[in-house]
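Next come two complexes built around chain A: one with chain B, the other with chain C.
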Partner chain A sequence: MKTCKRLAALAGVLLFGCAVARAEPVKVGIIGPFSGPFSSFGEGWKAAIDAYQKLHGKTAGGQDIELIFRDLTGPNPSEAKALAQELIIKNKVQYIGGVVFTPNAFAIAPVVEEAKIPTVIFNAATSSVLEKSKYFVRTSYTLPQITVPIARFMLDEGVRSVVTMVSDYAPGADAEASFVKTFEAGGGKVIEKVRVPLKTTDFGPFLQRVKGSAPQALFIFFPGGPPSYGVIKAYKDNDLRSTGIRLFGTSEADEKDLPAIGDAALGLESGMFYSGAHDSASNSEFVAALKAVAPAAVANATALEGFDGMAAIYHMIEATKGQRDPDAAMAAIRGFAWESPRGPVRIDPESRHIVQNVYIRKVEKDADGKLFHKEFKTYEQQPDFGRADPK
Partner chain B sequence: MADIVADPSRVEPGRWRALIGPELAVVAVGLLAAIVFPDDLGFITRINILSIFTLSIALVVGQAGIGTLGQAALFGAGSYAAALWALHVSAEPFSGLLVGALAGAGVAAASGLLILRTRGLTLIMLSIAFAQVLLEIANKAAFVTGGDDGLADIPVNPILGAVAFDFHGRVGFCYTLAALVVVYFCLRRLIASPFGLTCRGIKGDRLRMRAIGAPVVRHLLCVYAIGGAVAGIAGALSAQTTQVVGLGNLGFELSAEGLVMLSIGGVGHLAGALLGVPTFMIVRHVTATINPYHWLLVIGVLLVVTVLFLPGGLYGMVDKWRRRAGQGGS
Partner chain C sequence: MTLFASILIDGMAYAMILFMITVGLSITLGLMHVVNMAHGAFAMLGGFAAVELMSRLGLRFEPALVIAVLATALVSVPIERVVISRIYGRPELDQALLTIGLAFVAIALVNLWLGASFSSIDLPARLSGPVDLGFRSFPRHRVAVIVLGCAISVALWLFIGRSRFGIRLRAAVDNPGIAESVGINTTLLYSMTFAIGAGLAALGGIAGAELLPMEANYPIKYMVLFLAVVAVGGQGTLFGTFLAALLLGVVDTASKYLLPDLASISFYLTMLVALALRPQGLLGRKDAA
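Presenting the complex of A and B:
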């Protein structure tokens, strides 16, 4: 009897489903970590996507847009591939967005290439990702794109000797390589290149060593979270600033982490493509929409990646009027330029990577005593310097 | 199989059924799933691969009592070996499987020399430590392994030069199902043999086995290496069907997940792996599809319920029913 009831309920649900599905909407699959240790990416994206739809509606090119979220908790290529296959074959998506980790992007590349699904990479920041499929577009950044302007800024500031310190994994190596290359080409000297194991949180010994080699500045790259708190706090505790060693960072003091790092972050100089405090009408609109849909959300680089990723997807849907025409969609996105909350951006027609401003910022306190990144110098329209031939 | 041999009445229906019956069941269920869910072949392929991996844990943990939490080291070794073989030597899939199996067995034998001399908690810690060391080596040796970015674009030739891997995953599914059946058959024969009996003997009472003259460590080393070969095959299959290998293939999560799936299915039997993996994966997949944010909760509840109410896992439950039905009939 129970089984009968369940079957009836199931049939009811299916019938209801059929009745509702009249006009076929444009389906967009979003793959990202919505649970587990990296869920801050998924949460940020979800809030930003909701914010985008609040501002721009749930239709584009005259078609309804249906979003399908799929959870991929960490770097797991085989699961990534299976999810992409499922989205394409079973859910019949026209577009895919998301993807945090490079190996996952590598894994879905052959699938989207074969099925011709335009895919907007929200994060996966290794330069070579975009070479894996001509249907890949990226709205995040690459480390060389950020570290090259930082190296130039440090040279402009008269810094000539530096110690680099990065997390010991592929992105760390990328950051180090492009920084060192630019810095040395500009006449600077790299005294020491330190690589710190990924899960290090006690940076005291490392910074003591830096103090010993007495460079003019310390350049760092660490993924967000505990290592970033650790290095910034240790810099203050070991009192490197008073010995004249300046600290230059990249994405360490993310807006989400700033309150936890606290006053130790004051004065930290860094280069990044977005500050939540960026002064523009487009950014105020984004921040307001984000607060409206998710009061706990923070306007940071992660959220912005999702927001601009949606901008790219909407543009492709509009250009094709919602019809399935992957090559026309890709033609439309190549060279597409728009005003993002981070400033003016465009998709480089050849590499399909985002070309954007890189801002040099300093952590300051606003009138309410809240820490923020104050932008004070702009390197305009920076390409991905990680390519052999950056354009 | 072990209890089938112990209970001769069940061999009655015919020798062939005892010989390959369970394999036929796996093929039937696999094909049925593929026919009913033709759009989910990528997912079913993953179940096949993880089933092979979990079979290796069922052999090592369930049969020989080697309480390891580092089985992913062997899976990863197999997948990196198969990937490097395909990238630099030959993209022929069967040779890739062989290389994966050899790598898994080799790494197992080398690490086994150290960890199998210990027992209990020490063994668990050492197995985790060994897997972590291997993970760090793979991370550091970026010029070989691609480090955190992994190895991409792994080429795979058509099987036997004729059947190419397709986008829908049909070939990948058949290929992995065939591998699963062959591995399952071999392992069942293995644990039904005197060798398997000795393994269970060592699991039951190590001291006593030594007293009757069994070379305990050598024996464990042997079964651990075989388990390594099986995990290596699973890793190689993963490398070939995904065409990407990343550090996740060596990660602790994989070892732990394998053990969780085996506990759900039933630790003491090979069939536990084949029941536990699909159950876990399907529950996970369905819940994560319905709610991508909070599905982990359901998995946690499933595990707690299994441990509390089904101490023998799903296999224990099925077996109990079967026995009861058998008694009622006779």
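Presenting the complex of A and C:
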């Protein structure tokens, strides 16, 4: 009899143990470019996600978290939709994260809306993205969010005449529009609005033209990589600074590109939500964790988007104890505030967009001769200024 | 007047870079009748080799440039022997498919080796920054590129026009069958020409890295640009390529100064007009078109 009872107890323990071990992990799908020309996004996110899990563990709300990565190399709406469907139907994910390009975000919106999958947009920075699904939440930025503070800063600095120069594509037009609106409303004068073709390789002539119109400052918006390199280099080589034309930008000299741009970037002033050199305990922790999991990774805006995207996903999993309850998860993320490596941030309950500080920085050299963005002024808790109707 | 000179100098510099990168493509196209879509890969190879030699081995700019150019030329020989030589005389589609495949291989290799970010070449102080030419300051690098481009053009012109190698080369372009039957070793000639073309592409890639910085996608990203110069110039002609590069470079630059909104279309419009008037290219021969 005794033996029987013991056996039964043992069986019970084994059964219980098995039941716990067999609890389904919470599955999270990450869609991003992990190969191809935009793979720096995917690589940065992957490193940041690893760093997040190193700091916060691989469980949340008592549940294991399983990440499923899906490669989407560029703007490709139909493939974006197919990947989202596959993640939801076949892999049974509870959350989706990632998405670099706005058209891809638009394409997956109806899918996540129908399946009720809370989706954290790590990048896709067009204001209207979040209107496409009530299950979207975003941890990056929008162009108006950072160009409005930089326009205000330039006005504060006494700059009254500028030339704007942007890459001729949708984000460039957005940056130009919100900059010009704010700058003119503050009494500034925009002498000329130059739109540079996306395929431009030689920026010298454009910069010479700006030199000819002799504004007090040049405001630029260019995608990272070769175009930003070209325009910053041309600004230096054509000697605009010595004629008194200051250069203001946004995200042009990303930490990843800074070594390639080199000393030409010195003195560039910009407005952005994150500098790898941001001085806070939270950022030091982030940078150290990133270095530990991926020595080649760079602490830049891309990595941070992924890191904070994970913070949002972990928060939703904790709030729902890992159970599938999309509406409770969304209710938890609206208004969620936390200390990010970029500073204090919160998710605006209305728009589901991140509200954050925008820092004005200047490129300088540190003691080791390494270029970095030195933050010297903060515009606190900036919302997305680009919403058509901020209800 | 200042504007005119500005357009001329900036345009010339751009043109010289295009010329150096594409002249090899034009000559191999004229000689071997191979459309080498992977030509840009040699420019990229040279550029990255220079970057790596300087950053990892701490070489100065000049020796790094020489080694990178020679290394690229050397690497191109087995590629020509083993891969490209198999498609001589094959239909153009086969050639395009194979060489595009090569370009993709080069892209994947660079991605694996250096990742997706881009690199620039650190120019020594005497080649960077602005230089005052009296009426206006120019990037010193531009002036150096113009001098280099002109020197290369003259050297090539003398080499092809005067040297024994040049005479054989021209004979083989004119009539490969007869050239071979009078005892010209066309296999060797092809290899050498291909290597010279690759080396020049590397030189152009390094000299032009300020405008076309090195990145894994380089061969595909600028392929249309390079092919446009060759198409407008006419295949196999040194001067045709030179004139085409000059025309496209100066028109592109002029429109950036004068009509920035039309800057992207003017390049292709020029190409369209040039090819409508002379489908065989500016200096190409009718039968070659």
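Criterion: the second predicted complex is superposed on the first by the 367 of 391 C-alpha atoms of A that agree within 3 Å, B and C clash if a C-alpha of one lies under 4 Å from a C-alpha of the other, contacts with A are read in each partner's own complex, and residues count from 1 in each chain.
Following the convention adopted for this analysis, a residue touches a chain if its C-beta (ideal position, glycine included) is under 8 Å from a C-beta of that chain, and two chains touch if they have at least 3 such contacts.
What you see is a predicted model; the values in this text were computed from it and never measured.
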Partner chain in contact with A:208 - chain B first, chain C second, else both or neither: second
Partner chain(s) touched by A:262 [first = chain B, second = chain C, both, neither]: second
Partner chain in contact with A:236 - chain B first, chain C second, else both or neither: second
Touched partner set for A:114, first chain B, second chain C, both or neither: first
Partner chain(s) touched by A:168 [first = chain B, second = chain C, both, neither]: both
A:53 touches, of chain B and chain C: first, second, both or neither? neither
Partner chain(s) touched by A:77 [first = chain B, second = chain C, both, neither]: first
Chain B versus chain C as contact partner of A:282, first or second or both or neither: neither
Footprint overlap on chain A, comparing chain B with chain C: 35-36, 39, 168, 198
Contacting residues of chain B [partner chain A, same complex]: 39-43, 45-46, 49, 139-140, 142, 146-150, 152-153, 167-169, 238, 241-248, 253, 288-289, 292-296
Interfacial residue positions of chain A with respect to chain C in the complex: 35-40, 43, 168, 194-202, 204-206, 208-209, 225-226, 229-230, 233-234, 236-239, 256-257, 260-262, 296
Chain C residues within the chain A interface of the complex: 6-7, 10, 13-14, 111, 115-120, 122, 128-130, 136-142, 210-213, 215-217, 222, 225, 252-253, 256-257, 260-261, 263-264
Chain A to chain B touching residues, read off their complex: 34-36, 39, 42, 69-71, 74-79, 81-83, 85-86, 89-90, 101-104, 106-107, 109-111, 114-115, 126, 128, 132, 168-171, 173, 198
